[in-house]
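These notes open a run of structures that come right after.
What follows is a pair of complexes built around chain A, which joins chain B in one and chain C in the other.
Up next is the complex of A and B:
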C-alpha cells in the first residue's frame, strides 16, 4: 500500500509544485518507488518543473476516462528510475476529475508505489478537494505572509472535515508545515513573520523551512527539481525535509540569519 | 528627541502587526466555520424585526452559536441606541437542544 501525500496551500504561487517535484525526487532518490501527480487540470505545470514536458502523451484525465492505461500515461523520470510523473490534462472541462475516477487511479497506483505525491492546484475547488480527499499526509506549504497563513488555516479546516479519512472515521490526515520563501534577514528586521509567529497561529508539525532562494528559479528554468541542486540552500532544505519525513533526526537549518556581520565574525566554522 | 529615544520608542514591527491581525482573524474564522449556514440569514431577519422598534444597524447586533458536549447555545446580543434609552442592552441566551 502506498502512502498518499497531498501538497496543498489554498493560496496560489506559494511553492506547491516546487515542493512536489523536490519531495518526489527526494523520496525516489532514497530508493522509494514514487509517483507524482499533477491535479492542476487546465493549467498543468508539474511536467515543466520536472523537465518532461515534451514526453507527455496521455494525461490523468485520459486515464480516468479510459482513453489510456495508467502505464501509458505515466512518464518515467530519466534521472531516477524510481520516479514516475502523471501529468495533468490541459482540458478546460473543470469537471473532468471525478472522485470515483481519481480513487480508481490512486488505488491502482497504490499497488506498485510506495509514495504518491498529489500536487494540488490553488483554491478550494474540485481539483484541490480531490487532491486532498484520499490523502494520508498533508504537506501544507505556507509563505510567511498574512494571506498565505490565513489560507493555510482554512485548508486545515477542510482537511479535517472533507477527506476520506474524516468521512470513514479513521485516524485523521497527518498535517505538516513547510514554511517556504523564508528570509531570516527580513525576519530579524521585523519585516516578515517568523517561524514561531506562524507556528503560534497554525501549530503544526514543522517539517522544514525553505529559504527564499535564487536556485528555485534556476532549477525551474532547466526543468530540474531543485533538490538535485545539492549545493543550493533550497535544495538542501528539501533534502532535510525528505529525511525528516522518513524519520531521520535532522536539526532545522535556514531559520537563523547567518549573513550578519556578527554572525560571520563569531561563527567558528 | 535624542537618538537613543528614537531607538527606544519601540514602534511595533510590521511582522508583529501581521501576527496580531492574523491571530484575531483566524480565531474568528475558526469559530464561524462551525456556525450553521443559516446564521447570517437569521441575523438579517432578526435585525429587520428589531429595526421596527429601534434605530439599530448591523453592527449593533451579534448572533452566535456555540456548541459544547452538552448543549448548543444561541447567543443574541443587541445594543440599543443611546438617545432612546441610556445604554440598554438586551441579551438573551437560549439554551437547550
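Up next is the complex of A and C:
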C-alpha cells in the first residue's frame, strides 16, 4: 500500500506546488516509486514546474471520467525512472472531481506506488478537500506571516475533522510543518515571524525550513524541481526534508542568519 | 474470610448489587402553583410526546426551599403521575416534604437526609403503613441513587484549530491550545491547559456561576453567561500566567491563579 501525502496550506502562493515537485523528486531519487497528482483542476501548474507540460495528453479528470486509463495519463519523468506525474485538467473546474472518482484513482495508484503526493489547490473548497480526504500524511506549507499561519491552522482543523481517517475513526493524519520563504535576516529585523513564533501558534512538528531563495524561481521557470539544484540552499533544504520524512536524523538548517556561518561552525550545537 | 466466600459460592446468589448511573431528567421547580406547573408540562409534552411518556423524573425542590416556598408534594406527585411521568426521587425539600414523598413511593435522593430520617424509623414506618397509596408500585420503594443527573463533560486533547467550534453540555476541558479563530462553548466551565487564543464562552445557557480557566490568556473574546469582553479590553490581563475568569455583579473578573 502506498503512503498518501497531501501538500496543503489553505493560502495560495506559499509554495505548495514547489514543495510537491521537490518532495516527489526527492522520494523518487531515494529509490521509492512515487506519483505526484495535481489537484488544481482549472489552474494546472504542476506540469510546468515538473517540466513536462508538452507531454500532457490525458489528465486526472479524463481518468476519473473513464475517458483514459491511468497508465495513459501518467507521465513518466525523464530525469528519474521512479517518478510519475498525473496532471490536472486546464479546461475543467474543480467540480469535475468526485470523491468516488478520486478514491478509485488513488486505490489503483496505491497498488504500484510507494508514495503518492497530492498537490492541493489553495482554498478550502472541493479541490483542496478531496486532495486531503484520503491522505495519510499532511505537509502543511506555511510562510512566516500571520495570514498564512492562520490559514494553515484552519487547514489543520479540516484535516483533523473531515478526512477519511477522521471519519472512519482511524489513527489521525500525521501533520508536518514546512516553513517556506524563510528569511533569517528579516526575522532579525522583526519583519517576519520566527520559527518559534510559528510553532508556538501551530504547535506542529517541524519537518524543515526552506529559505527564501532565487533558486526556487529559477527552477520553476526552467521546469526543474528545485531539489535537483543541489548547490542551492532551497534544494538542500528540500533534500533534508525528504531525508527527515524518511526517518533520518538531520539537524535543522537555514534558521540562523547566513552571515553567521563562521560563528556557527564554532557553536556547540 | 475463606469460609464466607465458600458459603457465598455454595449458596449461589440469585441477585447482585451493582452501582449504575442513569440519565434522569430533574424537574427544577420555581413556583408552587401546581396548575401552572401542569400547564407548562403539558406544553412541553405536546412538543415531544414520546420523549416524556413514562419518563422517570426527579423532583428538585432546591430553588423553592431557598425561597422558603412550600408546595403540596402529594398533589404534585399525583399530577405528575396523571401526566404519565414516573417521579422516582425527590431532592432539596424539607424533612416533612420528603416524608410525604416517601409515603407516596418516591425516594429521597440525598444520603444525608435519608440518614437523618433513619434515626426516627418508627415515624416513617407508621406513616408508610397508614398512608400507603394502593396505586403505588412496590418496586418504587426507596433506593439510594447518588449519581442521578449525569452531566456530559467533554475532554479534548487535540488542539482546537481555527474555524473549529466545540460545544459541551457540561464542562469543557481542553488539554491543548485553542487557536485564534476557534470557538469553544460550554454550558458549564471551560478549562484550557494551554494558550487560549480563540473565543471562549462559558455558561452559555445562563449559568452565571460558571468560570473560565486557562494557563495563557490570549483570547479574542471571553464570555460568561453572556457577559463578554473582547481582546481590545483584555490586553492588560494577557500574558503567560494561569488565570481564572468569573462573573461578579455582572462584570467579568480576571484573577491570577
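Simple rule for what comes next: the second predicted complex is superposed on the first by the 256 of 269 C-alpha atoms of A that agree within 3 Å, B and C clash if a C-alpha of one lies under 4 Å from a C-alpha of the other, contacts with A are read in each partner's own complex, and residues count from 1 in each chain.
What we mean here is this: a contact is a pair of C-beta atoms (placed from the backbone, for glycine too) under 8 Å apart; a residue touches a chain by one contact, two chains touch by 3 or more.
Treat the numbers as computed from the prediction; the structure is a model and nothing was measured.
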Q: Mind checking the superposed model to see whether chain B and chain C fit together on chain A or clash?
A: clash
Q: Please indicate which partner A:201 is in contact with in the superposed arrangement: first for chain B, second for chain C, both, or neither.
A: both
(Q) Once chain A of both complexes is superposed, is A:190 in touch with chain B (first), chain C (second), both, or neither? (A) first
Q: Identify the partner contact of A:153: answer first if only chain B is touched, second if only chain C is, both if each is, neither if none is.
A: both
Q: Applying the touch criterion given at the start, work out whether A:137 contacts chain B, chain C, both or neither, answering first, second, both or neither.
A: neither
Q. Who contacts more of chain A, chain B or chain C?
A. B
Q. Which holds for A:108: it touches chain B only (first), chain C only (second), both, or neither?
A. neither
Q.
Under the stated touch criterion, which partner chain does A:53 make contact with: chain B (first), chain C (second), both, or neither?
A. neither
Q) Between chain B and chain C, which residues of chain A are contacted by each of them? A) 150, 153-154, 157, 200-201
(Q) Touching residues of chain A toward chain B in the complex: what are they? (A) 145-146, 149-150, 153-154, 157, 187, 189-194, 197, 200-201
Q: Mind listing the chain A positions that touch chain C in their complex?
A: 150, 153-154, 156-158, 160-161, 172, 200-203
Q: Using the touch definition up top, name the residues of chain B that touch chain A in the complex.
A: 13-16, 18-19, 21-23, 25-26, 29-30, 33
Q. Where on chain C is chain A touching in the complex?
A. 158-164, 176-177, 179-182, 195, 197
